Amino acid sequence: MKMVVAIVRPERLTAVLEALFQADVRGLTISHVQGHGGEIEHVETYRGTTVKMELSEKIRLEIGVSNHFVEPTIAAILSSARTGEVGDGKIFVVPVERIYRIRTGERDQSAVTPVATTESPDS
Amino acid sequence: MKMVVAIVRPERLTAVLEALFQADVRGLTISHVQGHGGEIEHVETYRGTTVKMELSEKIRLEIGVSNHFVEPTIAAILSSARTGEVGDGKIFVVPVERIYRIRTGERDQSAVTPVATTESPDS
Amino acid sequence: MKMVVAIVRPERLTAVLEALFQADVRGLTISHVQGHGGEIEHVETYRGTTVKMELSEKIRLEIGVSNHFVEPTIAAILSSARTGEVGDGKIFVVPVERIYRIRTGERDQSAVTPVATTESPDS
Amino acid sequence: MLISTALVLLMTPALGFFYAGLVRSKSSLNTLMMSVGSLGVVGLAWPLLGYSLAFGAGTPGIGGFDHVVLRGVGLEAKGSVPHLLFMAYQGTFAIVTAALISGAIVERVRFVPYLLFITLWSLLVYAPVAHWVWGGGWLSTLGALDFAGGTVVHISAGTAAVVAAVMLGARKDYARQALLPHSVPFTVLGSGLLWFGWFGFNGGSALAANGQAVLAFVNTMFAPAAALTVWIVLDVVRMGKATAVGLATAIVVGLVAITPAAGFVAPVSGIAIGALAAIPSYFGVLWRARTRLDDSLDVVAAHGLGGIVGALLTGVLAQRSWGSPVDGLLFGNPSQLMIQAVAVVVVIAFAAAGTAAILFSLGMIAPIRVAVAEEGIGLDVTQHGEEAYARGEGAVLVLPAGRGPSAHAAR
Amino acid sequence: MLISTALVLLMTPALGFFYAGLVRSKSSLNTLMMSVGSLGVVGLAWPLLGYSLAFGAGTPGIGGFDHVVLRGVGLEAKGSVPHLLFMAYQGTFAIVTAALISGAIVERVRFVPYLLFITLWSLLVYAPVAHWVWGGGWLSTLGALDFAGGTVVHISAGTAAVVAAVMLGARKDYARQALLPHSVPFTVLGSGLLWFGWFGFNGGSALAANGQAVLAFVNTMFAPAAALTVWIVLDVVRMGKATAVGLATAIVVGLVAITPAAGFVAPVSGIAIGALAAIPSYFGVLWRARTRLDDSLDVVAAHGLGGIVGALLTGVLAQRSWGSPVDGLLFGNPSQLMIQAVAVVVVIAFAAAGTAAILFSLGMIAPIRVAVAEEGIGLDVTQHGEEAYARGEGAVLVLPAGRGPSAHAAR
Amino acid sequence: MLISTALVLLMTPALGFFYAGLVRSKSSLNTLMMSVGSLGVVGLAWPLLGYSLAFGAGTPGIGGFDHVVLRGVGLEAKGSVPHLLFMAYQGTFAIVTAALISGAIVERVRFVPYLLFITLWSLLVYAPVAHWVWGGGWLSTLGALDFAGGTVVHISAGTAAVVAAVMLGARKDYARQALLPHSVPFTVLGSGLLWFGWFGFNGGSALAANGQAVLAFVNTMFAPAAALTVWIVLDVVRMGKATAVGLATAIVVGLVAITPAAGFVAPVSGIAIGALAAIPSYFGVLWRARTRLDDSLDVVAAHGLGGIVGALLTGVLAQRSWGSPVDGLLFGNPSQLMIQAVAVVVVIAFAAAGTAAILFSLGMIAPIRVAVAEEGIGLDVTQHGEEAYARGEGAVLVLPAGRGPSAHAAR
């Protein structure tokens, strides 16, 4: 199993969620983050104080998936989050050793499988 | 060493923290996240605009532990975070290669060991 | 490739960013988190209600780096984030299997290499 | 008078902010609307019926129906102000009194039953009490002093608060989790605007811009200042720190305590009332938090206790030389204190009985509390389908029912 | 009068908060400044020129230039108030009317062109219409009733709103993404302060603290209460839930509708106007959201529709026995309703044409809309170089240009 | 007058919001309480002692003790208003003046020493200066013009601000990190309410609703409008962008500058004063940020410079034909400008010396600054044990000391 961590632009979030749901990825967690990369900094002024803002708002998605879901998840994000401008973000794939579903205590494969779906255990 | 990442309900946080402290897990970091899973969506209306809210508030815990602490940590979370309703959240266990304590520069085992406690180095 | 995750004090963030940029680490993502460790708790009172605050504000940095960048990144954080008081935070190094740059679809090494820089592919 | 009325009207949204700042974010809109809603329902019930019950000719116990739907309320003078304006001014009092109660029962009440409750309460509890004291009823005959509403407004609301909190029970998390104010600045904003509005409340109660209005006004300025200072001292002595929530509370306590006395006592007595009233309320707040009584925003300690202390001290410190119709205990008239005590006790008893009866009856028709799960989610989403501070992530537009595919395609 | 003027002035920041709460956080300062900016530019243009165009002696169509730069505006009485005060009071109306329009075009307009637009609008559209109705122009000769600005203020602003929204186009995300209010408490705060200020707006329009002022005042209190209650009922019937944004909107609708009628109708009629006006505006808001018209904050539904309903109902319910110069339809004078309708139609036509002309001309000189990318980033950063709620992470101080290394070393 | 007093009282919480919005979230409550606390301690010290020092009969240098604890302050007329009301009105000025200083020393001062400081300051600095100018002291004998407090309020507070900022030193992060406003909307809210309250400040200073009050009122409306417009122009010229913080600041600068002149200059001169005053304050703000002077919220640039410019321009533009007792330079009386300059210089010297003496003495008794570590944590938690926006995670209820196990079990 893997954890797919993606940093995307806030304004693409709706599109990314849609793409993920269509790829049958239904469990995910997001958070507000701020990122620094190649983006152009913007300047703000408050009275006499001028500041360069080095960070821009991003959304971080964290998606635990079983192995055969990794590719579709990445494909969905890549296609939906892209604008082509600097600052589109990154995807990281991190190995996961175990997953539990807290509600039932189920482990690994079944922990990330929505109840209605069945899939071959290949994590 | 492992990183235990747990997504739990905000209203269970107090209970989870208590359970972790009792299991002698004293170092952890939390953040506010929003999750999508099997939860029932709720609808909001602002004047003529009706929206379906696909995400619900969750808390993410991130706990770096040495290997023999993994089981107690998971057990503590599983028992304290459960309500039995859909939306209780997940636990992910991710491998960690190194840990540093910034204050001292200590590494790995000793970096996650509170000063007062001693334990066998088995990570 | 690795993901370096660091928890630092908010008031050290400016220094940490500076140190990282000087170490040529230019891609990173931060978020607001709250941590519990050995810090002294503080007490707050709202009318008749007295509470102990078990969590203190921290900043979490998440930095995806290629292997030969791990050491400089850690060194930069360790030196810039330290105050010597309890509560300085931790660094975790997590293995990463793949990295994508969303804008271009580039993978791994080149996904975390700023356009202007060249480096040997050794992840 | 016009401006006094506007000032008192402003007190209701101000109260909403005072209260909303003190609750958790997930129920803050609901708390705000508990006040603002009163502007709607009580604001409508008053001209239609309430005013007549309170100020219509009637028995010593209650007014009649002669002014229902504002019949006979025109621009002719009633005392020194036009009748219509008098009615509106009194209406603002009814609105804010009903809204005061909400502080005791935040974060757990269904919105529509709540609106019914305060509407009925304003008609069946507030209007009679107002009649007794100000509408020519038996308490005014008895000679009870209540300049601007210590008994009518604050004691009756404080009593209703405790009864409602007991009958509806505590929030599920009360005394289990820390329930912290989500926005102390809003609470301070509310207290600042309340103070501002209270100048209309007390200053306007002289019903003219005369010497008594000046006295009431000045007392309304310095009594809270004294309460504020005493509260800071108590805070610093107890904890070494003065709290912002405490300051905001102290302002309200000082205002409540001076209300029945404002036009009847010397300015120095006004300062004394403010200073003295801070003490019982301060310890009342501390004591309440140790009990099982989830009077969530301390309506009892602030308005109930503050109102009682004010009403009794009025009986002690009132001075004919400062315009009071009778002297108080300190100026040689001990019986006035008795009369004040009678008024306090009777109003408490009546308001308690009335509130209980209304809540009980309503509870027969429909549940008043929300479900436990809804309490967990928060009342903003479950009662109003809104969030106070929406960020919009993960919000998916729902096409309005009537928008067919063609309309959509046309875009 | 003094205090009425101050109250109306407060309405403009209040409007800013009402509007700013309804937009996304990233453009909230811009929205707030669209109102506050009007205090600057329209507040300066009025004494320099606008007042003369509106109230200077002139033709039935427009005033003259005799009061330019306040020439001849002194402390001598104009009617019952000093001329200078009359000018200032009218100025507050001009300021708030121009600011009203901003609600239709939030989150997409460049700030400086916007300021030019409202300045010109206040001179070329508002001033003539004010002249027609209040400055001795042809609509006052015709006998159109407009107590405190139903046509002049609300219908003209509502019309300008729809024209501007159409000409500038919708926000890029409109009807694609959910655009949610970032702070409903600010919206409620704004509506509370608007109500408070509106007492000056309507109450002051009698230009004296007389019976008519009392009537206007009382109507300003109970009409919104009725609108509020009706809105709650409609919300509950439609969705089972009353919304806070709805409550805030209802207050404004009730206030708008009673504005032209405030000093001319019986209090009971005032309640009826508030209650009736809630209905078209309620459905107007729903209907608008299904269209492509991004009148973002529903200026048309609240001010346009509310103003029209109010203006027409004034023609129906006005009563000479309550101080109106003529009776309305219900009291035996059907022609008044015709006159009102004429006023409504003419003002709509003129305001539409004028707004379009100004926007078109401005658009020739410079783009009025921001670039699409700037819309994405938000107008606060792109137009003002500020964030409403900055947290300061990753902000690096830029040394001021003039600070050389020596100055720096000195530290 | 009553309402003017209420308006000025509202200015103090308004100022609290203006200031609190400009600081970091972690010290925002502290900043707010620095203003609200003044309502308590200065609000109590004034009737007890300050009023007597300022307005009691005495020497040209200071009043006496004849009105201590309000002795002899009753409802009899003092000039055109009741003595008691005059005292209260003046009290609101003392309160807000003391609170103004706090802007220079936010985020680093212990709360209780701060309260002692402003209390002493109001007695030892403010009261004498008020006596000189308004209480029959030597500056009024000299003929210095100060309508509503340009020297007494703004110059004295601005001077105290710079002295306190120098003596207490800069915040530890000043000029090292970006210290950004945590809530610009609160700052704008504060400036809006300040403007509203300032109508009482200037309008009420005529002590009657007469022609002079009208003039003062109108000037209070258009001078800030002019300052606002000029500030926007300066911002746009310098950076291409108008800022919201700038707008809020401009309003205050315009209000400050017109204060000494409000009832003495023609409306057109008032507009000129507002417009001219924006310029030095604008560049003052820019210049200050390059220095080591951590006058954190620019009290000196806004109130000090604005006050000086206003006081001097009063000497230039005052006109007997508009009610001023003497003409200014432009109207043929150059000596008035000299007198104004003397008043400015003397008040600066006295306020500087007095402030330094008080701070020095207090510093002998107890440290005034918080520890460096506390500055890092923020003053809300360390000084008040509260957070402005608590979310409640990780908050564990502490059982009150007195709650024994039995009481707990009973639950």
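A, B, C, D, E and F label the chains in the order they appear, each numbered from 1.
Simple rule for what comes next: a contact is a pair of C-beta atoms (placed from the backbone, for glycine too) under 8 Å apart; a residue touches a chain by one contact, two chains touch by 3 or more.
Keep in mind the model is a prediction, meaning the values are calculated, not measured.
Of the chain pairs listed in A-F, A-E or C-E, the one whose interface repeats that of B-D (more than half of its contact pairs identical by residue number) is A-E. C-beta contact counts were set side by side for A-D and C-D; C-D has more. Chain D maps onto chain E through a rotation of 120 degrees [Cα fit, steps of 5, range 0 to 180].
Chain geometry summary: the mean Cα position of chain A and that of chain C are 18 Å apart. A straight line joining the Cα centres of chain B and chain F is 49 Å long. Chain C and chain F, compared by their mean Cα positions, are separated by 44 Å.
Counting partners per residue, chain E has 3, 177-181, 183, 189, 239, 241, 243, 245, 286, 289-290, 385-387, 390, 393-397, 400 as the residues that reach two or more other chains. Shared interface positions of chain C, defined as residues touching 2 or more other chains, are 14, 17, 30-31, 34, 36, 44-46, 48-49, 51, 54-55, 94-95. The part of chain B that touches chain D in the complex is made up of residues 11, 14, 34, 36, 42-46, 48-55. Of all residues in chain A, only 10, 13-14, 17, 30, 59 touch chain D in the complex they form. Those residues of chain F that touch chain A in the complex are listed here as 178-181, 239, 241, 243, 245-246, 249, 285-290, 298. Taken together, the chain E residues at the contact with chain A in this complex read 173, 177, 376-377, 381, 385-387, 390, 393-398, 400. For chain B in complex with chain A, the residues that touch the partner chain are 2, 5-8, 31-38, 54-55, 58, 60, 74, 77-78, 81-95.
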